[in-house]
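I am attaching a structure below and will ask some questions about it afterwards.
Going in written order, the chains are labelled A, B, C and D, and every chain counts its residues from 1.
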């Protein structure tokens, strides 16, 4: 897995002083952009120049421990499934302070051309190569999802 | 279920012109605030005056169809499980234009006193009453999650 | 001026329990979408179908009193200047509870066609008509800005 | 001035593919957190442990050129005014690609103890020291604001 280091920022935390539950998927997307940084031109080039995107079809989140303002999240990112036109990313959040698990997230996508209509396409080779290099087990497999 | 009507706003959509996948949980939280509006002082009173919150322990999302800028989401909100110190909210997103399903989300919480430490407490009677009035089946039960 | 009523939501407030200073411009944009709701197809139609947008060129904010979770903002929206290809919107935030002023914001835009390049165009007649109907003085004029 | 380097992320850009005008103040706050990173425990310690915050009283923004997804912002941060209980931060955004100016922002704050009531206090010595070390002229002075 590739690790993305992300200090918790003021705008991530809510009135209770902990990272808002909806923010975790924003952090996953940041980790995903870092995960695919090795693409030519980076992930932004994929979206803006090649007009290829990865719309989500499903997500599952286990919140294990809160993150507070001042904490640093380490987000280990890998891929548990690569299909013909789809893939599943896995994010394991740890607290840098003590290494304790914070959250586990599974994020299933399809690969699409982004235009007026959204059309599935085969996973491009350069995306596939990055994903193949970072295989990880499905964290929710034991729960038979 | 209680229905929360929410026009898609400019800031909800991403560079592809569709609601960003992370925004759905923000919309769920808005729907939850509307769901608990019948509490004395509303949901904000629960948080700010009674210092009671509902931190998430798990979430599951099925993205079915995109929402675009200009669409209106109808979010039907109910409760599939009420425990001693926990509950599970269910949100079914539809597109107002044609009634077609957009997303289904299950959001499991614990009820806590918010202070330096976060302590589980029994579900207060007024919360329980609102939840009991809006029971709905678990949308992911068939998939044995 | 047209008034947009906006309850403060949980995600608007920061760890100090007050609306985050950056959120005010998000609320202005919501008020602007409401202000232009009378356009055929609404503001979203302007953006998505006519590909016309109003990129900001300047903004000025006076924060007068905090908004807390549970408060309701009343946002009075008007226009202090209409040029050939530009306009200036004014937002006056009040607290619904006591009517007290919360913030005053001036937001200067140009009218553009949104494409690969961003090109200024003359203010379309239907936009101009809405703006002409809601003239308001420049709130910062006295400070000679 | 201290420079904060910030790649534009997918969630920063709007349906027009450019950084949303409201996001600039979020980026300023990130730059401010970086600016005060030298405080013992960082800026988060100031907020969470010392319960001292810097609520905004005014902001002024000149948007000069758009930032697109894939761009990197360089945000030079300094201080144009230090009062007994107040300060004014200045942020100059440049595009890393060509060094061209993107935005200039002036952000005036008061220093407060954050509790049920918000009370102004004298600028603490450690904050003052960081600010004194990074003086910069008022970017809007020429416009007599």
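The rule is short, and it goes like this: a contact is a pair of C-beta atoms (placed from the backbone, for glycine too) under 8 Å apart; a residue touches a chain by one contact, two chains touch by 3 or more.
What you see is a predicted model; the values in this text were computed from it and never measured.
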item	value
Contact-richer chain pair [B-D vs A-B]	A-B
Chain at maximum distance from chain A, centres defined as averaged CA atoms	C
Between chain B and chain D, centroid-to-centroid distance (C-alpha), Å	34
Chain B and chain C, separation of their C-alpha mean positions in angstrom	29
Computed distance of Cα centres, chain B from chain A, in Å	22
Touching two or more other chains - residues of chain B	10-11, 15, 17, 22, 26, 29, 47-48, 69
Partner chain A, residues of chain C touching it in the complex	10-11, 13-15, 17, 20, 22, 69
For the chain B and chain C complex, residues of the former touching the latter	8-11, 17, 26, 29-30, 33, 41-45, 47-48, 68-70
Interfacial residue positions of chain C with respect to chain D in the complex	15-16, 18, 21-23, 25-26, 28-29, 47-48, 53, 55-63, 66, 114, 118, 143-145
